[in-house]
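Both of the next two complexes hold chain A, though its partner changes from chain B to chain C.
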Partner chain A sequence: MTQRILTMPLPQKSHTVTGFALMAAILTFLAATTVHAELLIRVTEGADSAIPVSIVPFAESGAIPPGDKVSSIVRDDLVMTGEFRSLAPEKMLSLPSRRDEVFFRDWRMLGQRYVLVGGLTEKAGQVQARYELFDVNTEKRILGETASAPVANLRSLAHHISDKVYEAITGVPGAFSTKLAYITLDKHNGKSRYRLQVSDVDGKRAQIRLESPEPLLSPAWSPDGKKLAYVSFETGKPAIYIHEMASGKRTKIADFPGLNSAPAWSHDGQSMLMTLSKDGNAEIYQMDLQSRQLKRLTNHWAIDTEASWDSAGKGLFFTSDRSGGPQIYYKENVNAEPRRITFGSRYNARPRPDSNGKFVYYVHQRDRAFGIARTNLKTGEETVLTRTESDESPSVSPNGRMLIYATKQGDSSVLTVISADGGDAYSLPASEGDVREPAWGPLTR
Partner chain B sequence: MKLSAQAKVFAVLLSVGLFAGCSSTGDTMEDGAYGSDVEPIDQQGGSTVYGGGDQDGISSSALTDEERSNAQRQAEQAALRDITVFYFDFDTAEIKQEARDVLIAHARYLANNPGQKVRIEGHADERGSKEYNLALGERRANAVQRFLIVNGASRGQLETISYGEEKPAVMGSGESVWAQNRRVELVFQ
Partner chain C sequence: MVLHLAIIGIAVTGWSWTNPKHDPPPRSISARLITPQPKPSPIVEPDDQPDRDELRKAEEQARKLAEQKAREDAERKTKALEQKREQAEKQKREEQAKIKEAARIKAEAEAKAKQRKDAEAEKQKQAEAKRKAEEEKRRIEEQKKQEEQKRQEEAERQKQKEAAERKRQEAERKLREQHLKATADQAAQAEKAEAQKQAQAAAARARDAQMMTESEKYQALIRERLKQAWYIPSSATEEMEARLQITLLPTGELAGVKLISGSGNAAFDNSALSAACFLNRYPIPGDRDTFERYFRQFTIEFNPRRLR
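Moving on, here comes the complex of A and B:
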C-alpha cells in the first residue's frame, strides 16, 4: 500500500505569541518572584449541557519541556468556562495528530462534537504549534492554523490555541490569554502579609507585584492591561495607588482625609472613579488623572461607593444605602439622578457590569447567605448565580462569558470561576492563606 | 482592673486631701479616718503635718459626704473607661444603649484632659462587600466621634479611621464571631 502524503493547506496566519510573562520579567522596581503556592484548578461540579469536545494530546518533536501538556492546558481552559465537557485521553480510541489520522466514526461513537488535533515542533528554542479543529458530525475542519512562541512561553501558546478554539465554536473571542490580579493574605506568628499578585487565568505563573504588612484591596486593571490601581493601607490609612506592571513604578493618586477607596478606571484610561469621604461621608468622585482635578458625582448623606462605568462608558453603577440598606443604583450619565436597579433582597452591593452591556453582576444576600447574582439590564430580571454561602468580589471576564469571585471555604477565602450564566464552578485554591479580590484583566491587543 | 483604678483614685484623693489639709499646726488624727494610712510628710520648716484634718485643728471624720460620693463617681467613671470597644448590629452604625454611659465617661475624661488624643477605629464583619464595609466602618467611627464631641470632647482630640472587614478581632465565621467584629475601638494615643 502506497502512502499518500497529504498536504494540508493551512492558512497563512502565523502568530508569534509573546505573552505577558515576558513583560512581567522586566520589573525593576520590585523583584518579581514566582510563588511556590500556585493556584490549582479543581472541578467541583459536573456539566450537564456542556459541549463534548476532545483535545487529543499533540504530537511532539524536538525539545519540548516536560510538565503540563499544551493539550491539557487547552482542555482545562475550555472546561473552566462551564460550556465544555472534555474526553479524557485514556478514553480516546486513537491519538491522531493530522486530518488523515482522524476516523470520525470513532469520535461520533464516543459522543464527541468537536475534536482538536495537532503537533508541536521545537527548534532552536522556538516552538511551533500546528492545530486543527474538526466538527465531528459534518467532518469539516473549522479551524486550522500554526502559531509559534519561545519555549519558555509554551503556556501562552496553549492559551492562544484555547482562545482560537473557543471562538471557532462559539463565535465569541476566548479570554484565556488574559491575566488575573488578586490579593493574598497569610499570617505567620501573628504577622500579616498581604500580597498583590498577577497570574494566568488558570492561576499559573503567579507573580508577586507588591508585598505589605497592611491591607491591600480593590485591584483594578487599566483598560490597556498595563497598570493596576488599588487601595493600600501602607501609610496607616487607605490611599489609592497606580502601579505600572512593566516598570513597577507606583504613584499615589488619592490620599485625602478619610476614605480613599474603590478605584475604577474609565474606558479611555484618562480618569478614575473613586470613593472619598473628605467632604463628610462616602461619595463618588471622578478624578482626571492628568490634572488630578475632582468632579463630585454623588451628593447624599448615605454611603455611596463601588462605582463602575457601564459598557458604553457614559453611565455608571454604584452601591448606595440611601434606601436603608445597600442596593445597586445606576446613573445614565454623570449628572443624572440615580435610579435603583435591585429590589430582590435587602443587600445588593459591588456592581460589575459586563463589557457587552447585557448584565450587571453583584454581591446579593439571599436568606442568610451572601452569593453572586446578576440582573439583565434590558428586562430587569435577576438571577442568583452561586450556591455558596459567603461570596464576594465578582469580576467578569472581558468576553462576558466567565465570572470569578472569592468565596469562603472553611476558614480560607478561595477564588472560584463559573460560567457567567451560573452553574459549574471551578475553585482555584491557594495552598495556604487567603486569596481574595480577583480582578479579571482586559483582552490584550 | 477595677481595684487598681479605685486605688489610683484613692491615691489621687489622698494627695489632694494631704495638700488641702496641710497647715503649720500639728493636727491629731482620729482613728479610723483615711488619715490613718497617711505617712507624715516633711514640710519646709521641719514641722510635720498629718493629712485628714481641717484648718482649726479639729480632725473631722475623713471626707465629707460630697467628697466621698465624688470619689465613688470618679472610681465608677474610671471603671467605665476601662471599656474601649463598642459593638454594633449588622449594617448599622447605631450606638447601643449600654455604650452610651461608657462613651459619656470617655467624653468627660477627654474634656478634662484636653491634651489627651484618641484614635477611633471602625470595623465591620466579613460579610458583604469589602468596599461597602470600609464605608460602614467609617460611619461607625464617625458616629462614636460625634457622640464624644456632643458630650464634651473636642474635635482636635479625635481621629477616625476605618479598617472595614480587614482587621477582625476574631477569626472565623458565624454569628458570634461576626458580632465581635462589628465594632469601634478607642485607642488612646
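Moving on, here comes the complex of A and C:
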C-alpha cells in the first residue's frame, strides 16, 4: 500500500532583521517610559473563511514522470479539507522554488497567508522533494524538509507533503496519506455490477478489490488498515466477510439466518460489532474474531443496528427505532442502559463518532431531505452540515477534520468530502455509475 | 569578730563565775569547837560543934582555920583553874572569833572579789554589749549613710534623666512643630497645586474622555481588522491563549511584535503572530497624544470563543 516516505528537516537559514529589531527595541524603551496601564485588545473570533495558501509549482530536475504535478496534488489535498483556498499558479507574480526567490510583499499583495515552494530531483528512480513553507506576514519559515519516494510513487510523496503542510499550519496531523474504501455500482452488459474499491483520499489510484453481481455493502477498515470487512449478498443472502488487502484472501465470518450486517471493528482489531437477526429481531452482537463467539449487546423488540465503538473503545453508538423512528443511542459500556443522543428530527441514523470523542456524525432527515449532521457530545448541540437532498453514509477522517459521504449528483451517486465543521463540499472525481458507502481508512505510519 | 568577742567574753565570765565555788567558808568547824562547856564542881561546907568545946573549940578553931585555909587554897586553886580555864576559853573564843573574823573577812573578800568579778564580767559584758550595740549602731548608721548616699545618687540620676527627657521632649516638640509647620506649608502648597491641578484635570478629563472615546474607537477598529486576519487553526481549543506585545510607529506601521505568552501550541501562536503582522498599518487615531498613550505599545490577546 503506502510507500514509506523518508523525511528530513531542512536547515533553517539564518535571517537577520537587526535594523528592525533595534528599532523595535528603541521604541519599546521609549514606550516603557510612559506609566499608564497598557492597552489590551482581546480577539476572540477569527476569519470565517478558508486560509489563502499558494502552492508554487515545484522546480524539477531529472526525469520526473509526466502526469499530475506534485504541487497540484498538494493543492487539491489542502483545498479538499475546506480549510484552505489556493491561488492558481497563473495568478502568481513569480514562481519561486527557494527562499531567496520569495518576495513576501508580492504574496502579501496577492492576499496570501502561506507560500509553499520546493523542488523535485530525480536520481536513479528515486525522487527527492525539498519543500519550504513560509508565513507571508511574519516572513518566517514554518516548515522545511526533504522527503523521497520511488518515481512510481509520486502521489504518495505529494500526499506526504500535504500532511506536513497541513500539520504545520493547523497543528493537526494531515490525513492525506490514508485510503478510502467504497462500493460502486454500474451496469455491465445489462447486469448490475457491484465493486469494492480502494483509493487515495482524493479518489485517485482506485483499485478494484472485489466485484460481484450481488450487492456489496458497509465496508469497514480494520484498525491497522490491512483488512476490510463488508457485507456481501453473493450467496443470495447477506453475510459478513473479512478481506485481507495484501493477499486478497476472504473469510466469511457471519452467515447466520436472517440479517448479517453493519460490521464495525473494535479498536484492537480482535472483535467486531455486527447486526444479526438470528434471534428473531435485529440486535447488536459482538463477535470475538478468534473464537467466533458472540455476545449479545442489545435486547429490544425494536431494531438495533449500525453500531460502532466510541473513541475510547468502551461505549458504543447505534441506531434504534425503539422510540418509533430511527434515532442515535449511546451505551456508555456494553452493559449500560442506552441513552438517546438525537432529538432534532424524526430520522437520525448511521452514527459515526470521530476519533477525538468530540462529535458523532449521522444521517439526519429534515423537511424530507437527508443531510449529514453532527452532535457535540459534550454540549449535546446539533449542527446540520449538509443540506443536499439525499446524503448518506458519513465517514470521518482519522484526524477528525474531514467527512466523506455519498450524495446524489444528477442521476448518480458520488462521494463528497467536506470539512468536519461543514462548509464547502469537494466532490471526488466521478467514476461511472454510482459510488456509495465510503469508509475512511485509518492513519498508518 | 563580734561573735568571737562574744564567745571569748562568755568563756571568761563563765570561768570567773565558777572559780569561787572551790573554797566554801568553814563555818561548821568553829561551831563544834564551842560546845560542851564543863560546869564547876559543888563545894560541901562543915557544921559548927561545942567544948571539948574549947579544944574542940581551939581545935575547932585550928581545924576551922585549916579548913578555911584549905578551902581558901582550893578556892584559890579553883579560882586559878577557873581563871586559867576562862583564860583558855577566852583565848579559844578569841581565836575562834579571830578565825571566824578571818573567814568572814575572807568570805567577804571573796564575795567582794566575786562581786567585783561579776561586776567586772557584767561590766565587760555590758561593754561588749555596748560595743556591739555601738558597732551595730555604727553599721546601721553606715548603712543608712550608704543608703542615703545611694538615694541621693539615685535622685541625682533621676533628676538628670528627667532633665534629659525634658530636653528630648522639648526637642521632639520643636521638631514636631517644625514638621507640622512644614506639613502645613506643604498642605497649603499642595492645596494650591491641587486647585491648579483640579483646574487642569477638569480640562484633562475632557481631553481624556475625548482620548478615551477616540482610543475605544480605534481599539474596535483594530479588533475588527485582527478578527478578519486571524485564521484560527483547527487544533485550537477555547482554553488556548496567546499574548502579543505590539509596538507601532506614529504612522501606524508595525514596528515590532513579540510573543509575551504562548498557548503551548505552535500552530496557534503562529496564527496569532501572522494575524498581528498581517496588519502592516494599524488604524490609529490622528491625535498624537492619544496615540502615545494607547497605541504606541499595547497587548493583543488571542483567545477563541465559540469554536465550532
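The rule is simple: the second predicted complex is superposed on the first by the 393 of 445 C-alpha atoms of A that agree within 3 Å, B and C clash if a C-alpha of one lies under 4 Å from a C-alpha of the other, contacts with A are read in each partner's own complex, and residues count from 1 in each chain.
Simple rule for what comes next: a contact is a pair of C-beta atoms (placed from the backbone, for glycine too) under 8 Å apart; a residue touches a chain by one contact, two chains touch by 3 or more.
Here the structure is a predicted model, which means the values were calculated and not measured.
**Q** Does the superposition put A:Ile51 against chain B (first), chain C (second), both, or neither?
**A** The second partner, chain C, only.
**Q** In the overlaid three-chain picture, which partner chain does A:Pro238 touch, first (chain B) or second (chain C), both, or neither?
**A** Touch partner of A:Pro238: chain B, not chain C.
**Q** Examine A:Phe104 and indicate which partner it touches, taking first as chain B and second as chain C; both and neither are also allowed.
**A** Neither: A:Phe104 stays clear of chain B and chain C.
**Q** Between chain B and chain C, whom does A:Gly171 touch in the aligned arrangement: first, second, both, or neither?
**A** second
**Q** In the superposed arrangement, does A:Phe256 touch chain B (first), chain C (second), both or neither?
**A** In the superposition, A:Phe256 touches no partner, neither chain B nor chain C.
**Q** Name the contact category of A:Glu83: first (chain B only), second (chain C only), both, or neither.
**A** Only chain C; A:Glu83 stays clear of chain B.
**Q** Where on chain A do the contacts with chain B and the contacts with chain C coincide?
**A** none
**Q** Show which residues of chain B lie in contact with chain A when the two form their complex.
**A** 91, 126-132, 134-136, 138-139, 142, 160-164, 166-167, 171-173
**Q** Note which residues of chain A are touching chain B in the complex, please.
**A** Counting only chain A, the residues touching chain B are 215, 217-218, 233, 236-238, 258-259, 261-262, 275, 277, 281-282, 303, 305-306, 319, 321, 325-326, 347, 349-350, 363, 365, 370, 390, 392-393, 408, 411, 436-437.
**Q** Mind pulling up the chain C residues that touch chain A in the complex?
**A** The contact residues of chain C facing chain A are 215, 219, 222-223, 226-236, 245, 247, 249, 255-256, 258, 265-268, 270-271, 273-278, 280, 292-306, 308.
**Q** Quick one: in the complex, what on chain A touches chain C?
**A** 20-21, 23-25, 27-28, 30-32, 34, 36, 38-47, 51, 83, 108, 113, 135-140, 142, 167-172, 383, 401, 421-422
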